[in-house]
Amino acid sequence: MAWMLPTIIKNLFSRPATRRYPYKDIREPFLGYRGRIHLDPQKCDLSRDCARVCPSGAIEVSPEDRQWTYHPFRCVYCGACMQICPQRAITQDKFYAKPATTKEIETINVPL
Amino acid sequence: MARTAIPFGPQHPVFPEPVHLKLELEDETVVGVTPVIGYMHRGIEKAAELKTFRQNVFLIERICGICSFMHSLAYCQGVEALTDVEAPPRARFLRVFWSELSRSHSHLLTLGLLADAMGFESLFMQCWRAREIVLDISEMTAGHRIIQSTCSVGGVRRDINSEMAKEVDARLRALQEMLDRSISPVFLHDYTINRRTEGKGIVPKEQAELLGAVGPTARGSGVTVDIRQTGYAAYSDLSIDPVVETAGDSYARTKVRVRELSRSVELVREVLAMMPAGEILVAVSNYPEGETVSRVEQPRGEEIMYLKGNSTNYLERVRVRTPTFANIPALLGMLPGCELADVPIITLSIDPCIGCTER
Amino acid sequence: MSSGWIIASVIIAVIVVPLVAGLLSGIDRKLTAHMQGRIGPPIIQPFYDIIKLLGKKPMVAGQAQLVFAWAFVGLTVTAVVLLALRQDLVLTLLVFFFGSVCLPLGALSVKSPYSQYGGHRELLQLLALEPILLLSAIPVSLKVGSFLIADIFAHGQPLLPSLWITFAVLLIPVALVMRKSPFDIAGSEHAHQELVRGVLTEYSGPYLALVEVGHWYAKIFVLSILGLFWVVGSLWWLSVIIALGGWFIVLIVDNVTSRLTWSWMVKFAWGCGITLITLNSVLIHLGWM
Amino acid sequence: MAEVLIRLLILLPIVTGSICLVVRKSEVRAGIVYLTAIFLIVSSIVLAQQWSLPLKYYAGPTSKWIVLVLSMVMLAYIVFVAAVDIRRRGVTLHSVLTIVVALAAAIPVAVFQFALAPEVPLVANPALYVDHFSLLRGILISVTCPLICVYAIRYMKNHEEHLTHLGELKRTRQPRFFFYMLVLIGAMNGVAFSDNLLWLAFFWGLTTLCAYALIRHDETPEAIAGAFRTLWICLIGNVGFSAAIILSWYSPLNTISLGALVSNGAVGYPVLLLPFALLCVAGITKAGQIPFHGWGIKAALVSPAPVHAILYPFMTTGVFIVLYVSPGFVGTQFATFLAIFGAASSLSLGLIAISQRGSISILVCSAISNLALIIVCAGIGTPLALTAGVMLVIFLTISMILLYLCAGVIEQHVRSNDVEDMEGLARKQPLLTGITMTAILSLLVAPFGILLSKWAAIQAAAVIGIWSSLVLALLMLSIGAATVFWAKWLGRILCQTPTSESARLEPFVPHYHGVLLTLVGFAVLSSVFIAPLYNAAIVPIIVGAGYDPILAFTTEAWFLRATGGVFAGWPIFIVVAIVLLIPFATMKVRPEATRPAFMCGENVEIGSDEFVAVGDERTPLMTGGFYIEGLLGEQRLDRFVIPAGVVLLGILFAMVAL
Amino acid sequence: MDILTRSRTKSPWLLHYSCGSCNGCDIEILAALTPLYDVERFGIVNMGNPKHADVLLVTGPANWRNYRVLRNIYDQMPEPKLVVVVGVCGSTGGVFDKCPNTLGGIDTVIPVDVYIPGCAARPEAIIDGVVLALGKLEAYGT
């Protein structure tokens, strides 16, 4: 009949499984989590490989203006750009961009 | 008796995805069902012709986030066939690893949703609590909770080292215990679940075959079909016995999932133990050429992917036949005659996925 | 009863009851969450919900539903007041019952698929609930010799020992009124249900708050009926414990069962409930209980 | 004065009815009906002031022979009608049974009166005997039934226009219609006032005959079949009367006076139990109780609304007799089982009503189910039960007639009596909807008198010993069932698509709205003034039955107090008034606050009940009610109910034998 | 903070609607309700009915068929109401960039208050996003 009974009784008398985000037990993403990408403008040579490979058009590279533009609200965090970049100019950390009320765009001027 | 015609969906709490069933009822009894679709259609197949075949991996795996990995697997296997490369053995085992991980999280998810549709909240919570173990493993090994993004044309993008393997194994053992103790017995024996599923939404074996049902829907009706037996990836090295039940009702389908779930967890552990060493990715230098059909067994059944290349960076045609699409005729056969209260349960018992059906 | 007492009872019934009921549903949610391995909302969460709803912009689907919402609350409060004044049990139950009918009527007055189904199912629910609730007055009256609640108080002996069958059966209406599994067919506490909260579908904002508060009164009403099974002199807390005990059983049952269908519900309520209460009365008649 | 009025209450409608039969001009006929109505109502008001009861009216010796001959002629006419039907439409079960039953009613009395005991005195026993109970009954009939006739003036005009339009009617049948209506009123008054069983049987048969004629008014094959079914079933009552006359004459009492039978009672004279049982069976058949409920439901399908309306007091005549004779057998096992029978009947019809779609069918089932409550009260027989029974007779007559009439108007408006087709009536006919709603609520909720009566019945039933549990269980279930079907109907007429436009009142039709509002007034006033009403009208009845009214209710400041508890009707009225006033006063729904119903996001627009479905097409939303035919369908239930009814009746007679 | 605003921020009821999402974010929303994240701690309940909801959580890009549904349910939510888009595909179209049947982000159909990035967004991010959105309520009605 009541096959769930032992479980709920046990739950009732043990500590809840909840992670008390955002107050306590904040668990960082595991190492290697695919988060947002960062450009090292020093390394980039504006080859546009990253823009070409990006599946969601989150990177725009304009060699004329020497600008590298990243749309965090387009990026699907696949890491393909990082993999392809011949200059190893892109790194990926393990955090996403923060929720926001506007979709900012990150534009980086790449120095000569 | 008074006729009733009501919209069931697209925005409806029992359907996480938008689908619309126009229900015709008499009292509580369903006498007619017309599915209305298109709320999720994005045109992915067309988009896949507009992106390069490598970019497509990321698009295809987002046909649906639940068996995301299987989509990319089917795609990559297809492209590999078209480009004449073969994934290295370790990659093939890793593919099974993530496939079975996806299957277990998908089954847990479905079982949870089923419990929720029946108003069995505590069981839903328990299923999803167990599922978090799988998701943590996925995050640990693939870098993401649900969209693994690890499959790549020519192999896989991530490897698992031995420490990680040990950690994974420990977590899986915990999962297994949780399943055996507090989840499987409830689904298998609880009186109220029994009452809500037994004898509801019956598809006899012949009909299941005739309508081309796949996956647990077919296996719940006694059809022995499991594409893993074709031995893609590393399945040829593992023993795959399809889990089959014969009653053909919602209960049978649920039982198939519960038993498959345990088997999946075992498989993941087996794979970890058997994994050969070596390369995980081989380079692909030529463009896809010709056409091929790639099949994988998703949690919901057989997915067929047809790919056609023309020696360019772009594919000429990508066509996906998803399992839910194959199961919808069976579903439409199940619903008439049932009660309104059973509609969610029967619908969820084929584990419908609109995301991939409409693409 | 002196008039001071009467006024005090009325005030308690009208003002204190919703406070207690709100807390109780807060505890309910907390306990349920813990049973599910979660932390759950703060205990005063129901009050936040109600205040928030009251502060929302009104939005309606028809005037009739508002009238019935008021009628539901009004009659339910009346029933609680009658109970507090220790009036006739049958009459009190009848008033409560007709208050409850207003809820489906409000739902049926809007041409909305889910509201309609909720309304019809709620009616079936009342079909299951009402006879049990009314009939439970019979063995009670056999024991205390009258239908007056005041006489239960005057009776001086707890009813539970001889009426435990009736008490057990009364848990069915309690679960029904609390909208708990396996009986939450018409308008679940939780939204994940085929009817999208059924009878409540078309209420929103302040009117939803109104109906919710009415529902609080209803819950306390049925729990107080449970409490009547152990009133002895001034030990009022014993009845509270009895009522809470019944409430806790219902909570547990909610968490170990799934929702069942209306036909099962009606058959179960009529088949088991009515038969057992009748049996209880017969046993009392025969002097065996 | 009073004696004259009483006689006029019986005779005048019969006379004016006969005039209607020959008057061909409808305005003149209407005038006659108005005059009769005014006379009946006024004289009942006058009679209501008359408290020097009982009144007795002794008929002369010749009158006995007149009544006898009239009875025989009437039964012969019935046989003749059935014979004609057989010639015209072949042998049918119902017409054959009609002949058999009519003969069974006629022959024993004829043999008894003409051959065995021509000396049975009529002079010693009063022919008419007016006590408080029969006066109350007469007043109820004479106030409500004329209103039905007034309503019928307009209704039948529309009805015939419609039929003529359909080509189903060549010549007006209204003269015949009003003839039978008025005669039926007279005959029912006759039943109320008669004391002599011969007279009673005659009036009893006359009401049946009128009912038969009214049911077959439309002359469709179904109507004729339904009429014959009614005829033979209700005539069973006359067989019972015939047997009762003979039995009571040969009993030690040597009387055929109803009053004498009742006042002596079965406790002192156990042989009287059989005549009482026979009278009860007469009442049961006429009130359409199980297993005879078929006639009521069938008749509901075939005849015009005023006929249904007047059939309600006709059926009440049946339970009136049961309640009237109940003090005669109080305390016997028979009485207990009568209560069980009534409760079972009430529940059965309540359940059948849930699966009914026709408004009139629902009303009939509900009427029978409610009348069964009165039988329960008769079976319980305590002062409180008697009070409950009498109150039910009063309040139900008002509310049920009101509902029948409402259903008629609605039917003419939506051209269907299917409850499903009444959806959205609240928008099209707000006034009518309001009246119907009040009527339904008057049956259901406190503080209306019916609830009080049911409450009293429950209180009373609790004390009849071990069987009370069974009776009460059945009663509670029946109350629950009633709520379901009423709420369903109410839900249907109130159901409307959300729109930002507000509804406009329909034009006032005096014949309809006037009559309906009058009845609503009765319903409300009688409930508000329940305590004075109780003191004035019901206490004398209790006293007349030989009880102490203290055992029923005492009144204090508008409350009714029974030994079991207090009915605080008045405060509830206040609460209800407040509850209804708050929203009406404070909540003016602003149009911009109105939103369409939740349709999973596929609504078309506000004010439209369509949703977008296949191929982006607008699809009408349909929301039908629940009828649960699989579980509670009439046919399915009849398989249990009819045998159960037969068995219960069998047990009743077994109790007589014991 | 007055009691009403406080209650508003303490009791956000959700309505979840999936447009053309891939389910990834949808199941993360559901996961946020379950024991490990348990958003009911914040009074957040998934309501499934626009008439009861305060916060509309949308996933996936709008398309030619579902934008109407989206607008309807948005209309049926009583004020004050918030729209939170979960996942990048609902914010901008994301990976469904070149898909021919999409209209792009949700903000092409209804006003959006908060965007939660991620593909799929993590439950923690969903919590953060809803909390961010609730901040907007403080300004409401003043």
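Going in written order, the chains are labelled A, B, C, D and E, and every chain counts its residues from 1.
Everything that follows uses one rule, which is that a contact is a pair of C-beta atoms (placed from the backbone, for glycine too) under 8 Å apart; a residue touches a chain by one contact, two chains touch by 3 or more.
The structure presented is a predicted model; accordingly, all values stated were derived computationally and were not measured.
Think of each touching pair as a link: the shortest run of links from chain C to chain E has 1 of them. In this assembly, the chain whose C-alpha centre lies farthest from chain E is D. If you tally contacting C-beta pairs for each pair of chains, C-D comes out on top. When every chain is reduced to the mean of its C-alpha atoms, the one closest to the centre of the whole protein set is C. Set against the Cα centre of chain A, the chain with the most distant centre is D. Per-chain CA centroids place chain A at a distance of 50 Å from chain C. Work out the mean CA point of chain B and of chain D, and you get 64 Å between them. Between chain A and chain D, the centres computed from C-alpha atoms are 78 Å apart. Distance between chain centres (mean CA atoms), chain B to chain C: 43 Å.
Within chain B, the positions touching two or more other chains are listed as 4, 6-8, 10-14, 28, 51, 58-59, 62, 120, 122-123, 125-126, 129, 144, 147, 190-191.
For chain A, residues touching at least two other chains, in rising order: 2-4, 8, 11, 16-18, 20, 29, 55-56, 76-77. For chain C, residues that reach two or more other chains under the stated contact definition are 33, 35-40, 57-59, 113-114, 116-117, 191-192, 196, 201-202, 255-257. All chain pairs that count as touching, in label order, are A-B, A-C, A-E, B-C, B-D, B-E, C-D, C-E, D-E. Chain contact summary for the complex, chain C toward chain E: residues 29, 33, 36-42, 45, 47-49, 51-52, 54-59, 191-192, 196-197, 200-205, 208.
Residues of chain A touching chain E in their complex: 16-22, 29, 36, 55-57, 71-77, 96-103. Looking at the complex, you find that chain B touches chain C at residues 4, 6-8, 12-14, 28, 115-123, 125-126, 129, 190-193, 195-196, 339-344. Residues 595-596, 598, 600-603, 612, 616 of chain D are the ones touching chain E in the complex.
Within the complex formed with chain C, the chain E residues making contact are 3-4, 6-8, 10-11, 13, 34-35, 38, 40-43, 45-49, 51-52, 54, 76, 78-80, 141.
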